[in-house]
Amino acid sequence: MLRIAVIGAGRIGKVHAATVAAHPQARLVLVCDPFIEAAKALAEPLGARASADAAEAFSADDVDAVVIGSPTPLHAEHVLAAARAGKAALCEKPVASSVEAARALADELATFEHPPVMVGFQRRYDPSIAKAQQLAAEGRIGRIEQLTIVSRDPAPPSAEYLAQSGGVFKDMTIHDFDEARFFLGEIVSVNAIGQKLDPALADVDDFDGAVTTLRAASGAVAIIKNTRHCASGYDQKVEVFGSEGEIVADNLRATSVQVNDATGSAQQEVYLDFFLERYADAYRDELTAFIDAVNNGSPVTPTVEDGVAALVLAEAAERSARSGQTVEVTK
Amino acid sequence: MLRIAVIGAGRIGKVHAATVAAHPQARLVLVCDPFIEAAKALAEPLGARASADAAEAFSADDVDAVVIGSPTPLHAEHVLAAARAGKAALCEKPVASSVEAARALADELATFEHPPVMVGFQRRYDPSIAKAQQLAAEGRIGRIEQLTIVSRDPAPPSAEYLAQSGGVFKDMTIHDFDEARFFLGEIVSVNAIGQKLDPALADVDDFDGAVTTLRAASGAVAIIKNTRHCASGYDQKVEVFGSEGEIVADNLRATSVQVNDATGSAQQEVYLDFFLERYADAYRDELTAFIDAVNNGSPVTPTVEDGVAALVLAEAAERSARSGQTVEVTK
Amino acid sequence: MLRIAVIGAGRIGKVHAATVAAHPQARLVLVCDPFIEAAKALAEPLGARASADAAEAFSADDVDAVVIGSPTPLHAEHVLAAARAGKAALCEKPVASSVEAARALADELATFEHPPVMVGFQRRYDPSIAKAQQLAAEGRIGRIEQLTIVSRDPAPPSAEYLAQSGGVFKDMTIHDFDEARFFLGEIVSVNAIGQKLDPALADVDDFDGAVTTLRAASGAVAIIKNTRHCASGYDQKVEVFGSEGEIVADNLRATSVQVNDATGSAQQEVYLDFFLERYADAYRDELTAFIDAVNNGSPVTPTVEDGVAALVLAEAAERSARSGQTVEVTK
Amino acid sequence: MLRIAVIGAGRIGKVHAATVAAHPQARLVLVCDPFIEAAKALAEPLGARASADAAEAFSADDVDAVVIGSPTPLHAEHVLAAARAGKAALCEKPVASSVEAARALADELATFEHPPVMVGFQRRYDPSIAKAQQLAAEGRIGRIEQLTIVSRDPAPPSAEYLAQSGGVFKDMTIHDFDEARFFLGEIVSVNAIGQKLDPALADVDDFDGAVTTLRAASGAVAIIKNTRHCASGYDQKVEVFGSEGEIVADNLRATSVQVNDATGSAQQEVYLDFFLERYADAYRDELTAFIDAVNNGSPVTPTVEDGVAALVLAEAAERSARSGQTVEVTK
């Protein structure tokens, strides 16, 4: 039983706390949030204690590992504190607010021995995406030539959220950048077209849609299609085209029900609503892999270096979208 | 060029006349219908002549073959007249109004030499159904165990049509009986449950829905699902389950368009509306096979004997539905 | 927290014990099995105690409810013991080995006050099947006319299992009978065609395939297609055809991966392997409903009466398949 | 009956000649090709005469219109000759080898009165693509935001063909550029990533794959995915994403057959092999529209101006792929 503290009782903290509580190899012992009422409301029904101070997660003797769901600007600090306290850490994306900060974290972590640190790009553990990647890596479709990632939120977040999100590329596309790297490895250039599509978001200084193309060192190209809304739900799809075939990880629905009537045939349900539903299995399998890395020393993936690499692409995409030109990526 | 006369300028006659006119190896020379205006309206735009008298089709020197789309009670007479005149015949289903009449026709045809006589169960030539049957016959799914035929009209015919249709089993299920034999060969017993489902047809002395099960000599079972209406169009589907897999010939749509929106995802169009659209390719390929039988002596399928066999099943189904009991089929 | 004992540490007992252990509103306290090593092996990793004696489940003060997964001949005895001890019971299907025994149980239960007794037809709680039934019940497709249930095992059980299974209709189709009643209500007649398809099972005195048709009091007809094997997995599908449309609850796959290559396109994975995988969510939601009935007095479904009704249909089907004739069902 | 001459007896000339011969409102009277044996081989079975000299198509009194399938460098000359001779012209794509030549043609055509001139971007007449465009234009999915065109050949053409093809953008993507304009209207910038993927084509000075993104004046973005090979056939798909939904025109298969077996489920056939099969209906409907423009003065689409615009995009894409930078498009 890995004894786990969750830092942050917000939306993503709730996901992780519930996932830990239900996991047969983990026990939730602590939830930390400066808003103590939120911490208690989350911890108590799950049989854990609450604290207003994240420091307790690092000092408590009955905590083996921390799951970090604090605000992005605190991620690096919390990861370092955990590592220094000898606790394993699973940190939500992005690992820091900037490439600079993320690199500083990676450099600092390299200076001492510490338990595993894993970054929360949960899509690598989604059963469908993981299966697609595995088949592709095994050569099921020959050499990979073109990768298409569709990632659309069901509805835009609030204007307040957007104002502090760091921009669509760091907030949303960051998952797609990691996913592209998961399939294609090293990326050498980025071209992004930012779109202002939604009249309701016209005043926000951010794109609400984007088409980003990445060239990989292998010669393959990735296409990422993002929008902040999608009428049929949380659109999460990947297509891997290769010299001998194509693998698609399609969207998921809550049930397998289809309807045939006067308006159409083979009509399926809309997609699962959002990441809590769509990636419930991914969060669970991510936690399993984290536990396995802590307990058995299995390799950590994705690493802090992967977190840095995704941020490099996000910053390159932002520059490309602002300048209108392709940006070369230096490691 | 096979020179063809079409007898009957009704709905099915129009299908055949247009199919003949467009066929690269056939020429439409004559359309016969006692309602001469209908014959002319069909013949003239297609460059053929019209006659009020079917006898002209048998006597004309420039006619090599006749396609018989006359009312069912005249089928046997027209087939015999064609055969005696040395003209090949493609006769619409059912080949006669009763097993007795159909057997008499078959017996009579057996007494003299004549060109090919083919029965118009066009589904055997539908590209999807034919492909399914071919794969099954080749052993693609091992031994065939259960066959399901779905056959639903988009909307019921008029009460007048129903009153003289001969009943749902001879009028509609007859195609399914032939299709079952196409896949399974000899049938040994029939159980039919007739349904009176549609309040608008409550006064018609006929079933408007039926579930019929057939046992084949091989041990396989066929299930036929019929209704006189279907909200999503002309539902024509077959599923062949075998020891090593299943083959499905699914419905067809006019286009491959799908829609994802707030009401659903992967929503396809309704099915093609009715037999003219659904079986356009089948009528063409049926005609090609007929021409090939006439010109090259390739085997005729389906034969008059197949027409008799389908009627035997239709009459057995009617008895089963009326009595509530399973009916053994004797050849 | 409902404190639950599971009786039986076999295949289905394992499913229930794991489901109870993972349920946020339940606690597994006891596993009973005369083979004490099996009981211990199941109980201990889940934090429960084991007993060789089912009687402990009825006498223990810390047990609120029992889940009965004992051999079928013991079901009635265990249900009665639980009810008399004031413990709620969730009993696996079939509720008894015969209609006679099941009716005796129901009659006895009617003579005294007891906590809820629920029968384990878990399909009523499968999210896809439940959604289909709900839509149909709400009138989404008008009046229900024809129902098709496909239920195929991935591979036949052992000859030993088959020898004591009670026959395919009580062992396997029993779920389909309940499902047909779930959609259609009262059934008035049964026709079953038993098949001996699998050469490997030729010596077993049981059918290894069957096509069963049921007439409902409403006029609707249900078709049940069973086989003891299916190349592409555990085939569990239902189609509800109505006057205004059709609802299908299709098979489930482990992932949404599809492959396009030189052998085909849109190729999906095989179906989930067997009932543990296919109905994992159903077992969980069934347990939730059971807990809700115990804690909040919500209506129990399916009831022991439903268990009797399914057995009536199973025995009628056996008689029909043996006699070749349709069997009327009296309540 | 529109009397038509076809110029060119190569692959595309054969398509057009057969389409004209089968069209109920057209008659094929002449096929011209300097290789007179090819012209005869095509013309005679279709009941037309042959000539080695394209000039006959323009001078013959019994020719109302010409379909131009000559080599690209001759297109402009043949279009002009037809127009000057008072014959309508349907010219294959691209309308000329360069923007410069195409503009010169358009300018020249503007100086005199002539019958309709139509450019052969047949996809606008494909039933599925046309339906998708119509639905999108009607507002079925709100404002159009992102368009994805997948266009993959089943197998690369010969090295000889590639050497004189004008490059992938003018030879292959040209159809996609027109399709993007069909959905999105005016395009303002182009970014193309050229790929050299196929080792067998390493020595050809051309890309064998490309990912091209287009920004439309409306703010929408189009993504075009090209490869010169595709294991599952001729991959021709379009996805239109809008503020209120998405429309997909999926690939077509020869039949609706699906297979479920131990290797997978819902396995469909590979896509139709190549443009002759995939766009057979489109060529027919294109011809119908051309005839309608000639006979009834209905608007011509696509026009020579559309042909120029597609070439502008092709040349911009070539520059972008060679330079690595985005290219603004000036009209």
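Going by the order they are written in, the chains are A, B, C and D; count residues from 1 in each one.
Everything that follows uses one rule, which is that contacts are C-beta pairs under 8 Å (C-beta built on N, C-alpha and C of every residue); 3 or more make two chains touch, one makes a residue touch a chain.
Please read these numbers as outputs of a predicted model, since none were measured by experiment.
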Labels of chains that are neighbours to chain A and to chain C: B, D
Label of the chain whose CA centroid is most distant from the centroid of chain C: D
Geometric centre distance via CA averages, chain D-chain C, whole Å: 57
Geometric centre distance via CA averages, chain C-chain B, whole Å: 42
Multi-chain contact residues (two or more partners), chain B: 141, 231-232, 244-246, 251, 259-262
Chain contact graph, described as a line, ring, star, complete graph or other shape: complete
Parts of chain C lying in touch with chain A, wherever the complex brings them together: 22, 24, 127-128, 131-132, 135, 140-141, 244-252, 254-262
Chain A-touching residues of chain B, taken from the complex the two chains share: 231-233, 235, 251, 253, 259-271
Residue ranges of chain C in contact with chain B within the complex: 141-143, 145-146, 148, 152, 189, 191, 193, 195-198, 209, 211, 213, 215, 219-221, 223, 225, 227, 229-232, 241, 243-246, 324-326
